[in-house]
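Sharing a structure below in structure tokens format, with a few things to ask.
Just so it is clear, A, B, C, D, E and F label the chains in written order, and each chain counts residues from 1 on its own.
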Amino acid sequence: MDITQGRGNTPAESIFERVLPNAVTAKSSELFAHARKSSLWTLSFGLACCAIEMMSTHMSHHDLDRFGVVTWPSPRQADVMIVAGTVVKKMADPIKLLYEQMPDPKWVIAMGSCATNGGPYYRSYSVVMGVDHLIPVDVYVPGCPPRPEALMYGIMQLQEKILKDAKERGATSQAS
Amino acid sequence: MVTPSLVLFYAAAALTLGGGLGVVMTRNIVYAAFALLVAMMGVAGVFLLMFAEFLALVQVLIYGGAIVIVILFALMLTRVQDFEHLSDNRQWPIAAVVAAAIFGLLAASTVGTSVRTTTDAAGATVRTPVAFDALGESLFTQWAVPFEVASLVLLVALIGAVVLVRTSGGRD
Amino acid sequence: MEQPPRPPRQRREPEVPEAPVALDERGTALSALIRDVLKEFEVEVGAAVDEVVVTVKPEDVSAICRIAKDDPSLDFKYLRCLSVVDYIETLEVNYHLFSLDKRHKAVLKASVPTEEPHVPSVISVWRGADWFEREGHDLFGVVFDGHPNLTPLLLYEGFEGFPGRKSFPFHEYDEW
Amino acid sequence: MIELAHLQVVSAALFTIGIYGVLARRSAVLILMSIELMLNAVNINLIGFATFVDFGGAERALGQVLIIFVITIAAAELALAIAIILRLYRNRSSVNIDEIDLMKW
Amino acid sequence: MQVQQQARTADTIDLMINMGPQHPSTHGVFRVVIWVDGERIVKAEPHIGYLHRGSEKLCEGELYSQVITLFDRLDYVANLNCELAFCLAVEKLMALEVPDRASYIRVILCELNRIASHMLFYGVYGLDVGAMTPILYGFRERERIQGLFESVTGARMMHNFIRVGGVKEDLRDDFEPRMAVLLEELKQGIEECDDLLSQNEMFLARTKGIGTIGPTEAIDFGVTGPSLRASGVLEDVRISEPYSIYERFDFGVPVGTYGDCWDRYYVRVEEMRQSLKIIEQAMAQMEPGPVAANVRRIARPPKGEVYVRTESPRGDFGVFLVSDGSDKPYRLKVRAPSFANLQALQYLLRDAYVADAVVILGSIDIILGEVDR
Amino acid sequence: MTVVQGIYYALGALALFVFLSFMVLVLTWVERKALARIQMRMGPMRVGFHGTLQPLADAMKLVLKEDILPSWADRRVYWLAPLAVFIPSLLLWAVIPVGRDLVLANLELGLFYIVAISVLTVMGLLMAGWGSANKYAMLGGLRAAGQLVSYEIPFIMAILAVAMLVQSLNLETIVDGQRNFAYILVQPLGLFIFLTAGLAELGRTPFDIHHAESELVGGPFIEYSGAHWAVFFLAEYINTFTIGALTVLLFLGGWRWPAMPFDGFAHSTLSVIWFLAKTYAVILFIFWIRGTYPRLRIDQLMAFGWKLLVPLSFVNIVITGIVLFYGWPLWTLTLISLVLLGATFYAISRHQGTRLERMTVTVHSFRGTRSEPPVVQPQPEAALED
């Protein structure tokens, strides 16, 4: 049970926070949160069955590009990792590595029941029962596989989370 | 008298010499290539200060676009093991002494000889630029035959390089 | 009024029916042919449902496979599948063969003891046997003598035990 | 005010650096680069004379023409030299000139 | 002579490149280690198992009706074809007669699934070659097919619709008109896709003559399906060992000549057209009737073993079922077509360019779910 | 050079930078929308009206993202590479006029300057590839260097042919030379060479082999994140814009349009508008190609460059020279150029590698089981050879 410790989805302390008064930084961090939530670049990374539905979500019919979500092949330029499919023990280390390669702030969506808790493969000898044993997960999308609409809803939930996080951080930094 | 052009000249000279020193001093051969590029840009700067725009651009094009890239290409293809810790010859102190002696000789001869430079009415030296069209005219009329010979040399070098690098029948 | 206690119901051992053999004419012809071609070897030709079953001794496998492939009347150019079945005391290696030309099919079976499962490799006969044998080694521990590269294929390095065997625990695993 | 002497000193210094590089370094590629430095030292000298000294008449452009030739030759030389070095590397897996002693016995 | 010797030993060092497990064009979690000399591949070594979920072992602990769930997720692009293979195996063991209508429904859905699967291949292959638009065209058609699947089976992907002895339920009333519309759309869509990519000069330049494999080698490696047919081998389980009711249909089997990437690609495009033909015939022949045989809810096949092969979109999908007479399979071995096809990769990649590695890998159309199982 | 002049240049450079950054933002939006149109999608919709604020959000996010320095990377080279790519792309715009007299420095040697500076980009890509110490990046850098150096020749030659027509290397003179007709009418072949070589210089589809997302996962930039990656991105789009602008200046008559007032404020305003409109038309064409074509392989790309474009560009110069030397009317040049262009297209379409001589996939029809032998055709001796 070693969950990767990192700053994860809190952004690094920006120069604004050091220089400007709290009230301003709170507002600016909200603005930045709006920017972040509007341009979530996902790591194009499919594991199993859910990857096909994830691809569907990106295609013309559902078109995630409307939300500013585009895929990016290199983890260095990605914001969101959608773990779409069964995580196998052999794949555990690469997934951790990928997560660590992504720059902060970063988010993880566990798509489908396999990534959430092992799903139909819960009792198998080689399956990690949920990707949250490896990396912190922000949004769980249930389903086997989830419909594209479900994934879209998950992404919208993530956007709300980003905004809310920024607001709360602003509030705490004002209080302190 | 310090004029803006002199300041610029010092900057260009510093670039040139710094780059040159970088080439011979650094332990990392890729850095040496980049230092060579810096030196060449410095030389291009000197050309600019001498109003030789065309030469400066040629310098940038040939050295920046061709020579340094070819060198880097060769380095990255060979991937020599001692890439980052090059060693000098054992006789480097002798080399240093010889180099210093030659520098002394050159500097002394420079100082010792007086060249009649063009001056204006006030006695200050002036730089007389060569017009671009005059250069072209001269190159293609008076020096047309050497120019063609030079292009022939380039062609021969190209063919020679291809022949040398070619491996006979796939990977040998 | 007291009812006499009902006698405990006799638990009947369930009767396990056997699947009927239904060889078509191609199958009957083939079984005769196999008996003829492989008469030098100690083989037992039977049938299961619609397939000819040839039981051979493990040490003969390589030679018989070579003949099965090269003999023009058998013409088993195509190894469909290589599977291992665990019968607790023995491991049974099955070679499912098919002839594209003659369109007949047969199963070659070789039983090896579970403690020392050694079977000659058929990689020199069909190159396609490579991964099947590695998989058999991976999941069942069958050693295919003569295979150049019996390294783990599906499992990660350092996996202990042979998960395909019946003796391997079914679902007692850590979540990660 | 830039004087001719400035250019001459820079040229001399660059030339010296090149000589040091040729004598002291062991890598063939570095020696090649040092030769490039020396050629450029010559170029600086040439442009200096061409600009500061009035030759008059048809020879006005001579300095620059010479520089063009020098650059051309430098490019040709480099292409060949790199090819030779690559060939050497392929045969000897080294570009150290100390180790390239096939003709020495 | 000595110099010659040295020249051989001291060659330029080969650069090792690790493609995968996360790489945009390995189609999932597949890793291939390649050694390159410049841009040429010297050696390639595929590594699989990054999606090994232990399905075969899990099947041994499930009832026969539950196993179908796991089969859905083997080849997750052609779910119905996998379900069909398993159900056929059980039915053969039990010597069950499947009602006609059920067979027709199975064939229609499986062929639709084949088109959907080939459409995915088409799109992803375009992406591998470097064109970004084909995948969107391919997924448009997939989306249409999935819409129909949803109306029939209730799910877009994991249908669990084909059951032992028949199918789960009869078709809805609106199936026929929907199907008629879909057929028209698909016909048009396939032609559009064909126009967009097949004859494109650059696409041809990238795929023609790349990664060739001859018939003998292909059979030796156990390559099956479209990849085998592209090498000029007329082998299709639907015609060489007809299962279900495939002998009732007229359809063509596309066969390539050179076994290069383009042939492998175009065989699949042509197969989509043939699948449409099968569907049309099946729609015309289908008659009302029962859709499931009379089977006990918990099937207990007799003791015995059976090997069934079907033609999945990727090739020869075989199921080896050993039953001990209980309600759970004793051993279930899946002969996955991608698994065998992938073995030929090493052969195909010899002397190819790095850029071709992606094109070749794409052309054999693997699905990691069934490779690793 | 006085202080006032210095301030003037600094302000101009700043204005140019702002203008270019804005153009890049617009360009990314246009690209996403145009590609979405081709692909039956909508493109960005949610951020601002029809996603107009999308580029802004992207830019802001990228700048605020964590900047990662891989521990094995060569630190100095790694950090310098984005600048080495970005500065040349910015320097180019010092001589490119966006309208009548709207130029930072109207150099006599303008075209030569562009040629010389544009080469420097290669150095940055090589630095990025080498500095990130990643094999994909390295391979991408090497590919980029090879590609850019080979396509430099046809690029220069195509420019040279235009310069021969005007007898000048000054960009404004070239635009003025197209007073009566744009040079696309005189040199369609030149435009083809220029645009093709330009696409290769940009590394855009079908020549995007050094990014090659399906093979090299992003090429030299694979390890960069956040602001540094944004700088690469910026440079790339500025370069796209530059090629579009150069095409317009050299071949499409620059800011000229038949119905234009000859001087005054109206003229300069209109000229900028025309210039941008034409540039965007060219860029949309580039995006269109991106939406339709696959990618070439490196050896095919080299062969295309060296075997086709380089000879063609030389032929282009020779015919231009002949026409000018003998003083033939310019329409003869148009004619020769068109014939050559047609011949080129014909040659490409008839080339063995890019054409299907005959359908290699045959359909065998069946009902029931097959009776034919399985292997239908023996492997022919003359297997495809390129």
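The rule is simple: a contact is a pair of C-beta atoms (placed from the backbone, for glycine too) under 8 Å apart; a residue touches a chain by one contact, two chains touch by 3 or more.
Note that this is a predicted model, so its numbers are computed, not measured.
Across A-F and E-F, it is E-F that has more C-beta pairs touching. Among the chains present, the centre nearest to the common Cα mean is that of F. Chain centres here are Cα means. That of chain A falls 46 Å from that of chain C. Computed centre separation for the pair chain A/chain E is 31 angstrom, with centres defined by C-alpha atoms. Averaged Cα coordinates give chain B a centre that lies 6 Å from the centre of chain D.
Residue positions 100, 103, 155-156, 163, 168, 170-171 of chain C are each in touch with at least two other chains. Listed for chain D are residues 89-90, each touching two or more other chains. Multi-chain contact residues, meaning those touching two or more other chains, occur in chain A at positions 59-60, 73, 90, 123-126. The touching residues of chain E, counted against chain A in their complex, run 21-24, 28-29, 49-55, 57-58, 61, 69-70, 73, 76-77, 120, 135-136, 139-140, 142-143, 146, 156-158, 368-369, 372. Across the interface of their complex, chain E is touched by residues 35, 38-41, 135-136, 139, 205-206, 208-209, 212-215, 217, 290-300, 348-349, 351, 353-356, 360-370, 372-380, 383-386 of chain F.
Listed in rising order, the residues of chain C touching chain E in the complex are 14, 16-20, 22, 48-51, 77-81, 83-86, 94, 96, 100, 103, 105, 107, 126-132, 139, 152-156, 163-164, 168, 170-171.
Residues 32, 36, 39-47, 51, 53-54, 56-58, 60-61, 64-68, 213, 217-218, 221-226, 229 of chain F touch chain A in their complex. Within the complex formed with chain F, the residues of chain B that make contact are 4, 30-31, 34, 37, 53-54, 57-58, 60-61, 64-66, 68-69, 72-73, 76-77, 132.
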